[in-house]
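Should a chain be cited, it is by its letter among A, B, C and D, assigned in written order, with residues numbered from 1 in that chain.
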Amino acid sequence: MEHTVSYLGLIPLFPLLGALILGVMHISTCTGKPFSEKLYGVLGCIGPVISFIYALIVYFQLKGMPADSRFLIHDAFTWFSVGDLHITMGFLADPLSSLMLVFVTFIGSLIHIYSVGYMSGDENFGKFFSYMNLFLGSMLILVLGSGPVVMFVGWEGVGLCSYLLISFYCKDTDNVLAGNKAFIVNRIGDLGFVLGMAFLFWAIGASGFDYLSLRENSHLLTPGIGLVVCLLLFVGACGKSAQIPLYVWLPDAMAGPTPVSALIHAATMVTAGVYMVARFSFIYAHVPVAGAVVAWIGILTALLAAIFGMFQHDIKKILAYSTVSQLGYMFAGVGVAAYSAGIFHVFTHAFFKALLFLGAGSVIYALHHQQNIWKMGGLKEKMPKTYWSMLIGALALAGFPPFSGFFSKDEILFSALASGHTGIWFIGVAVAGITAYYTFRLIFVVFHGQPRDKKAFDHAEDAPAVMTIPLMVLAFGALCAGFLNLPGIFGGNLNVSHWLAPSLVEHHPHTSLTVELLAMALTIAIIVTGIVIAYKKFASGAEEPEYTGFAKFAYNKFYVDELYNTVFVQPYKAIGSVIWKSLEPNVTDIHVKVSSWLYRKAGTGFKIFQVGYVRVYAVYMVIGLSIISLLLSQSLN
Amino acid sequence: MIQNYLILSVILFCIGILGVVSRRNVLIVFMSIELMLNAANLAFIAFSRFHESMDGHVLALMVMAVAAAEAALALAVVILLHKHKGKLDTDVFSLLKG
Amino acid sequence: MFQYVLSVMIFMPLLAGLFVLAAPISKGIARLAGFIVTGIILLLGIELFLGFSGSAGMEYVESRVWIESLGVNYSLGVDGISLLVLFTCALLFPLIFVVFSTRTKGFYANLLICQGAMIGAICATDLVLFYIFWEIMLLPIFFMIGLYGGPGRLAATLKITLYTIAGSLLMLAALVYVGVAYHTQFGEWSFNIVQLAKLNLSGGYAVLAFVMFMLAFAIKIPLFPFHTWLPDAYTEAPTSTTFVLSAIMAKIGVYAVIRFVIPVFEIEFARFAILLSLAGVVGMMYCGLAAIAQKDIKRMLAFSSASHMGVIALGVFCMNVQALTGSLFQIVAHATSTGVLFLFVGLMEEKMQTRNITDLGGIAYRAPIFATFFAIAMLASVGLPGTSGFIGEFLIILGAVKFNAFIGILSGTTLIIGVCYMLWMFQRVFFEKPKELTEKFTDLNMTEVLTFLPVILLIIFMGIFPQPFLKKIEPAAQKHIAEFSTVAPTVIVDTTVPSEGLNHQKN
Amino acid sequence: MFAEWLFAAFSILAVLGGIGLVTFRHPMNSAMSLVVTMISLAGLYALLSAKLIFAIQLIVYAGAIMSLIIFIIMFLNVRTEDLPEEKGRFLYLFGGVVVLAPVFFFLKKIIQSIPATKATILGDGFGGIKEVGLVLFKDWLLPFEIVSILLLVALVGAVVLAGKRRMSK
């Protein structure tokens, strides 16, 4: 079977080219008359769509191959090669990356189309699409990269685009600050990634630093180095996928336009960390300790973010925390070595979270950039299409059967239970309940009850078709995606898991059917309880609450931002100014200061000999002569 | 034999130095320098005699010429100083003090 | 004809500089002449780069007896180690002549002399010849800062001059020691670096000589804690001089360490490598932290430059192929990115008469092309993949991890530190609301776009296709490391391991 | 034998003259002592068969230069009150002797290490005008010319320095 194909590299190239063309077009007309939005829109959407078509081709080509050797590679050129280090700008499509490829390009295309409507009228329309295309290109490099270094290109590229798009409305300082925060926090993660790569390379990378070679040599990895590599790589994943302690940037990232939040900060980029851990499953599988760390951090993040989500007012912030929470689930999944479950949750989550964000975008669009849910209400009648699609998204997010989220989340929880991580399972179930509660709090407050802001309510209406059609497509996906991986007890045979299996190193633990059913029933019960509580509290029009005590504490996110600010940011700046104001002139410069001081002192010291009488100078001379004579006459004999 | 001449030359030279460093009268300082030049001349001539070469004579001649030039200039300077300060004390001229 | 290309590249700008200085011509003609001369040098440099075969040895060798009694030769040559430094030096000078116009004739003359001396220092393979060019290099810098600098130029000039002269005089003493040592060991005089590499130096004097050499180069690089001349000099110097200082002169310091110190003092170098690399890392962090406290963009970039030089120096001290190649590559990458940033700051200063970050804002709306170029250079400077900065930094961090895991981890923080101050500055200067001064800011005109575009494209090209560059330098780096490691490891084993063993026994 | 006696006499006179030079308070007395030294030295030159130098010493040195000095002293019309106080000059002289002692003994040591040579009988021409002249204009031409330039410069300098000048304020 021929594994080398020459078009894999083109997949990321199309959006990148699009980004270049759009960027040049935008810059050249920035101060003059811009091109029409139609032109930008069409050019902006072409790249993603072509990539999507190629992604499908790749998928079907892989499908036609025998299951145990399903991969395609395309080594475009030698990127750099120094000593033992040979990095090829290569692309690899295997079941794992092809799954990511398909849904990233699919959702990416949909969101591009949606953005044509959402961004219309914006003066930086061209810039927006240029960045979006650049993002998609980077994301595709990340997904398709044949080795960690190529992946890192996409990894940093999406970080850059995230920065650019968060600070898209860059006249507002807060947005730029949010962008800076995102980039810097991501960079902290990238540090982990780079160091992880370095350790990995020196351990087993000498005979090839791409996934296929690494996987072959992974047995050579000693447990100690393996642990170090796993933890360092996980730091990278934490940064990108917003896990404790690096999750703080994601809620702030909602400063960007809503399609950006949907595409980058919900559906694709933030799941890169999960993808990376799954990619390195052949290492993580060797180091169970690292897996446990990943799982625990994931599930704790899920809990923390869910608690924050319960008390937020901003519709996008609620969704942002739910994203963090769901990412926590995914890490719990990959942490307990259920990689396919984690990736499957990535997959379903992409649909329903993109859907929810785009729905929220429609609401915000309709209410003229109002984001506070306590200023909304009763929108169900005015925006039925949005309402119904969002409801599907909410049910999927809450994990209500038979929506997609149910299957993926349940698979993770079940894997945690089956692999003996009862604590994780327990917290996971609790978080599922909380998730259901805050999701339906949002739905009920926004769409049910009485309108709280009459004026805005009167103007609200469903968005134009270019925006609602993607919503419906995504709603369909959120509804049905779960059936792709139907577990055995529902008569399915875990199609996605089997598809992914060749790319991953995992083993499926087995427990009795009773336990599985009981656990599932418990989860569903908790979810329903969450929805019911939300219904009781909010369905009939509650007013904006005054938070006190724990609620206030949680509303302010446990003051973690403030804590980081005092513990890291302020000291960092303080150290900088201490260095500049005190250390640099007084301590570091000490060798210069001391030597110049010595010179000056020596000068004033020798000054006293300069009496001004020529006679005395002659005496000096004679004394010198005399001393020399003494010395010489010593040596004469 | 030659040692005697040379030692005499050294003695005269040292006396000259003594005059330069210990006297404050400009004219005496100047004459002490002349004495030192003469001491050097004596050494030249003595060497010349014992090496039976006349290069020393030539050098002595040149020293004399230099001494004459020096005398002309130095005395001009002395006159100038006397005109300005009315004194012959070297310590009056201490403009070099740092 | 092409075999004398190095001499031509050295003496053409030198003579042209003297001519411009002496001839009664207007500054416009001087500028044109300077541009033509540097342009020719650039073409020669490109031709030389393309013609370089990528073997490990010296190419374009020239050798003439100069001072026979002391074995001093006028010998020049280029190998993989000097190739990229030379290329950078040839590449960047024409930019200055295009971009800056408000200087007098003497300034252009100084620039030309500076280029000649720098190329001389890069190509010299004789220690004495190198020393001479190394000293000549300082003169034009002295005049450029002292005559054309900012308000605090006198103090800055004195500081940089005394600092570097102190270093070079130490080097001169050490150079004499090396020559004498060669004479006692082999019975003849030679200062050729190939011959000197055979020296087997040990003992207290060798350590002293090593320290003296290193001090001279550490001051030039500048390595922590000898960087204190840098903020003042970079800030007070006219921008084009700052550009020369940071983009090229600092690199010659690093280059000289590789070329002259490592082959001669393998043993001492291996002993001090850990200390030196710590100095590099600490300097990187220290200067990076200091950068965040700056209000003046130029001073901020000065600290940023010092910070990156720490990383580049670290790559040299790690002594493995990846790190060394990374350093050599990063020399070009950093020269283009930070150099261009300095030029941009110069442009901003010319247009708005200020460099104060707090006075600026919102330039991105006024000047999108400028902002884009600036952003690309900035991203290269923070080492984003896809730009030239990444390859070098990645290789250096990779090598540092192998050299010493702790230092490797510390060196990785450059990824974070660099981003912090750069983004902070970018936010205040290019984003946010436009301020009074920036309202009038105009975008780059066509000439300027065409001037900067090749460099910006080069930054991206080197990020995506670094192999053509790496291919030429890697064999030389391999050879260098191989020669080094035949001598050094035995020493390291001999000296450090037993003492560690003793410590363990005591504990 | 006679030559030794002459040498002793001349050298004692020369030293005494030198001591007088540095000890007398009035410059006129000092100058007279210096003349004594000069003339004794001329005698010593004669003993060393340096005929030309002997003559020049008497004519130029003892004659011209010394009379110039004495002339200046008289020209300045120095009175005893105008002279510097110089109270501690004998103390200074003593200090000077102490400081100079090592120099003297060092030079003495060197001189004594020179191998002693007996004075040989010289030919008639040694030190005569013709012979010295030949050496001077053959081997020492360039230094001679340079010295003449020096004299010229000194001449001009003396004129400029001592000459009347308009007070420029």
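The definition used in the following text is that contacts are C-beta pairs under 8 Å (C-beta built on N, C-alpha and C of every residue); 3 or more make two chains touch, one makes a residue touch a chain.
If you're wondering where the values come from, they're calculated on a predicted model, not measured in any experiment.
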item	value
Chain centre separation (chain A, chain C; CA means) in Å	36
Averaged-CA centre spacing for the pair chain D and chain B, given as whole angstrom	6
Between chain B and chain A, distance of the C-alpha-averaged centres to the nearest whole Å	93
Rounded Å distance between chain B and chain C, as computed from the means of their C-alpha atoms	60
Where chain B touches two or more other chains at once, by residue number	17, 21, 24, 90-91
Contacts with 2+ other chains: residues of chain D	96, 99-100, 103, 107
Chain A, residues touching no fewer than two other chains	619, 622
Arrangement of touching chains [line / ring / star / complete / other]	other
Chains grouped in pairs wherever the two touch, ordered by label	A-B, A-C, A-D, B-D
Residue ranges of chain A touching chain C (in the complex, touch as defined)	23, 26-27, 30-31, 77-83, 85, 89, 149, 152-153, 155-157, 160, 163, 167, 170-171, 173, 176-177, 179-180, 183-184, 187-188, 190-191, 194-195, 197-199, 201-202, 572-573, 575-577, 579-581, 583-584, 588-589, 591-592
Partner chain A, residues of chain B touching it in the complex	17, 20-21, 24, 29, 90-91, 93-98
Touching residues (chain side chain B, partner chain D) in the complex	1-8, 10-12, 14-19, 21-25, 27-28, 30-32, 34-35, 38, 41-42, 45-46, 48-50, 52, 54-55, 57-58, 60-62, 64-73, 75-80, 82, 86-91
Residues on chain D engaged by chain B in the complex (per definition of touch)	7, 11, 14-15, 18-19, 21-22, 24-25, 27, 30-31, 34, 37-38, 41, 44-45, 48-50, 52-53, 56-57, 60-61, 64-65, 68-69, 72-73, 75-76, 78, 82-84, 86, 89, 92-93, 95-97, 99-100, 103-104, 107-108, 111-112, 114, 116-120, 122, 126-127, 131-132, 135-136, 139-140, 143-144, 147-148, 150-151, 153-155, 157-158, 161-162
Residues of chain C touching chain A in the complex	159, 163, 224-229, 231, 286, 289-294, 320-322, 325-326, 362, 364-365, 368-369, 372, 379, 384-386, 390-391, 394-395, 397-398, 400-402, 405, 408-409, 412-413, 415-416, 419-420, 423-424, 427, 430-433, 443, 464-467, 470-471, 474, 477-478
